[in-house]
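Here chain A shows up in two complexes: once beside chain B, once beside chain C.
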Partner chain A sequence: MSILTLLFYAIALLIVAATAMAVTRRNMVHAVLYLVLSFFGTAMLFYLLGAPFLAALEIIIYAGAIMVLFLFLIMMIRLKKLPGMFFPVGQLLPAIFICAGFLAVSSVLVGGNPEGWTPMPAAQASPAAFGVYLFQTHWLAVEIASMLLLVALVGAYVLGRRVRGPSADTRKEAP
Partner chain B sequence: MNYLLGLIVLLIKIAVMLGGLLLVASYLVWLERKLLARLQIRLGPNRAGIFGLLQPIADAIKLLTKEEIVPTAADGFIFRLAPAVVAVTAMMMFAVVPLGPDIRLFGRSVPMVITDLNVGLLFVFALSSLGVYGVALGGWASNSKFALLGGIRGAAQMISYELALGLSLVPVVMLAGSFSLTAIVDAQSGVPFIVLQPVSFAIFVISAMAESKRIPFDLPEAENELGAGFHTEYSGMRFGLFFLGEYVHIQVLGALTAVFFLGGWHGPWLPPVVWLMLKIFIVALIMIWIRGTLPRLRYDQLMALGWKVLIPVSLINIVVTGAFIQFAGFS
Partner chain C sequence: MIVPLNHILLLSGLLFSLGMFCTLARRNLIMMLLGIEIMLNAAAVAFVGASLHWQQMEGQAIVIFILAVAATEVSIGLAAILVVYRRTDSVDPAMEAALWEKGGRP
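And now, the complex of A and B:
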């Protein structure tokens, strides 16, 4: 048990606990904050595994941008707390199926390859090395992901655009 | 033994840095009040001590001894947490700012930076994006209309300008070839980047001012429409922490402008630390001057400036810089 292993398990525990709290909170803002804590844990894990660049991106993109947007929405719409069971059966069952499927697939993937169980030596990837690796070996996946994001962006724009007649403000400005 | 020594040196560095930051922050308040007063043909604080120099100390004692009120309808924990988020994220950014070249102390080389991360720039950026939580949560947890409006405005404004802020720094990273702030300063030993990247510099300063929520970007706390915006319900030292965060942020802005564009601690004749302090001081003076001069932007002007001007211009700037590096062989 080296100190790195101890740190790993401590952080993993933090992530699992924070995520569990995030899923079960009724107050949406609290849930968002626990999820942010979980992302912090993930970033620490990345840093521990020698990927400071990924750790920084995790904080900037997930904790700093996506969760802020969530928070923004929650603050704007002010949800009412619903009485009754927290997870309706209709949501609980699909969730369990998806989790079980994910667990099965990932354990086959990790367990099928004996190299997956041998510990890797400690290393640290510099941002430049990471970028070169990503864009030389996985450029296609990166491009597909960016296309997907572009489609989502255009879709959000189309949905969000409101067609409306000239309002009082614009009429006033027109000569 | 070496570990212990390293830890002691690190703790000393952190203590000196934090002490300096807080002291300078309190005197920045004094400077701002004095300068604003002069710009508006008033006298400013002049009762406590000569030239009102003891005013920051009097203010600090007042803030610390005032009663702290947490509104009944507020979300207690988040209400108490939010001011700390603002102050802590601002102060932590200084962990990667290099104050000078390595010095030799008792035969050992001691770097003049708390930690030289190889993703230093992203570290600063991550903290700046976490600073949004302080404003948004402070506004939400107060459970008051004005505070909530201020918090929402703050979140929207900071997310919008973060993009321009990040994109304006991409050419700097391209020229320096590293995210490390020490390497960026080293790359400017000849020519500071403000000469090579004037457009980047302008975008960086404008969007960083928007991030610090000062006039002309102070919509989250617009006092004539929102009371005091996201910190309407705060009192005592919790309000003081928001205030402290703002003035530490001015120093952060000065330090980052100096590191990314003005050559950091490089400069003739004077010692490196003095040069850095001088550059921070000049940026702070200009920010106070701007506050005394410009009116507040309207909300649609704010969004249009961020999304329709700064972001496209910074994208073009990145492409042009890339072309220069590729074809003119200049880096």
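And now, the complex of A and C:
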């Protein structure tokens, strides 16, 4: 058992524990902070599995941008009375059942694959090689992703605008 | 030698089911969106593991697109939650459904 193997299990334990803590927190700020810890762990995992560029992106985009966006929203809205943490039992039990069922089925399917039990050799894709590969073979998808982000920008602007109904000043200007 | 692929896939499945539980069971729109983020992240872990197993960079390229989709989804989703909050003064999914059933104003 090499040092990399031990490192993998330590990181996996960190990720699962931080995510489980995040899912069960009542305070949303605590949940987001635990999730930031989980994403840092995922970035370390990506580095361990040979994707240093993705590790950097994980920290910058997931832990840096997306989670801070969540924090902005949580601090922007002011909840007077928090609703119950979970749904009533009639909906909570099916949810638990679905998740446990998914976990069982996926474990059985993954475990039935005999060639996946041999340890993998360590390898690393350098960021330069990865960038060349991405823009040579997937350039169209990159362009489509940039269009998607533009649509998201416009959509978020339209949704976030304060809708002014038929208010006094527009009605005054009409005639 | 690191770990077998199956251990990475099991970790990914565990993370995915945690995210699914967060989406299905938490009575809070923001936590539901957070659960979707956890699920996308679990899929990214599986793709990176597969990329190492087959020594191909396809899996890592897919993770880039997962990141783009996650950023899109979270920006639109949070703007929508803000609209819901302004209308109902809460982020309870059940309350929003009740308002729509009552024939609520747009």
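By our rule, the second predicted complex is superposed on the first by the 118 of 175 C-alpha atoms of A that agree within 3 Å, B and C clash if a C-alpha of one lies under 4 Å from a C-alpha of the other, contacts with A are read in each partner's own complex, and residues count from 1 in each chain.
In this text, a contact is a pair of C-beta atoms (placed from the backbone, for glycine too) under 8 Å apart; a residue touches a chain by one contact, two chains touch by 3 or more.
Only a predicted model underlies this, so the values are computations on that prediction, with no experimental measurement involved.
K.L.:
May I ask you to name which of chain B and chain C touches more residues of chain A?
P.N.:
Ranking chain B and chain C by residues of chain A touched puts C first.
K.L.:
What is the contact status of A:Val108 with respect to chain B (first) and chain C (second): first, second, both, or neither?
P.N.:
neither
K.L.:
In the overlaid three-chain picture, which partner chain does A:Ala65 touch, first (chain B) or second (chain C), both, or neither?
P.N.:
In the superposed model, A:Ala65 contacts both chain B and chain C.
K.L.:
Classify the contacts of A:Val151 with the two partner chains as first (chain B alone), second (chain C alone), both, or neither.
P.N.:
After superposing on A, A:Val151 lies in contact with chain C but is clear of chain B.
K.L.:
Please work out whether A:Leu6 is in contact with chain B alone, chain C alone, both, or neither, and reply first, second, both or neither.
P.N.:
neither
K.L.:
Output check: A:Val29 vs chain B and chain C. Expected answer is one of first, second, both, neither. What do you get?
P.N.:
A:Val29: touches chain B, not chain C.
K.L.:
Where does A:Met76 make contact in the superposed view: on chain B (first), on chain C (second), on both, or on neither?
P.N.:
In the superposed model, A:Met76 contacts both chain B and chain C.
K.L.:
Under the contact rule defined above, give the chain A residues that sit at the interface with chain B and also at the interface with chain C.
P.N.:
53, 57, 65, 69, 76
K.L.:
Considering the complex alone, what residue numbers of chain A touch chain C?
P.N.:
2, 4-5, 8-9, 12, 15-16, 19-20, 22-23, 28, 31-32, 35, 38-39, 42, 45-46, 48-51, 53-54, 57-58, 61-62, 65-66, 69-70, 73-74, 76-77, 79-87, 91-92, 94-96, 98-100, 102-103, 106-107, 110-111, 113, 116-123, 125, 129-130, 133-134, 137-138, 141-142, 145, 148-149, 151-153, 155-156, 159-160
K.L.:
What does chain C use to touch chain A in their complex?
P.N.:
These residues of chain C touch chain A: 1-11, 13-22, 24-28, 30-31, 33-35, 37-38, 41, 44-45, 48-49, 51-53, 55, 57, 60-61, 63-65, 67-72, 74-76, 78-83, 85, 89-92, 94-95.
K.L.:
Residue numbers of chain A touching chain B in their complex, please.
P.N.:
Answer in residue numbers: 27, 29-30, 33, 36, 52-53, 55-57, 59-60, 63-65, 68-69, 71-72, 75-76, 126-128.
K.L.:
How about chain B: which of its residues touch chain A in the complex?
P.N.:
Interface residues on the chain B side: 75, 78, 117-119, 122-123, 125-126, 129-130, 132-133, 136-137, 139-141, 148, 151-152, 155-156, 159, 162, 177, 179.
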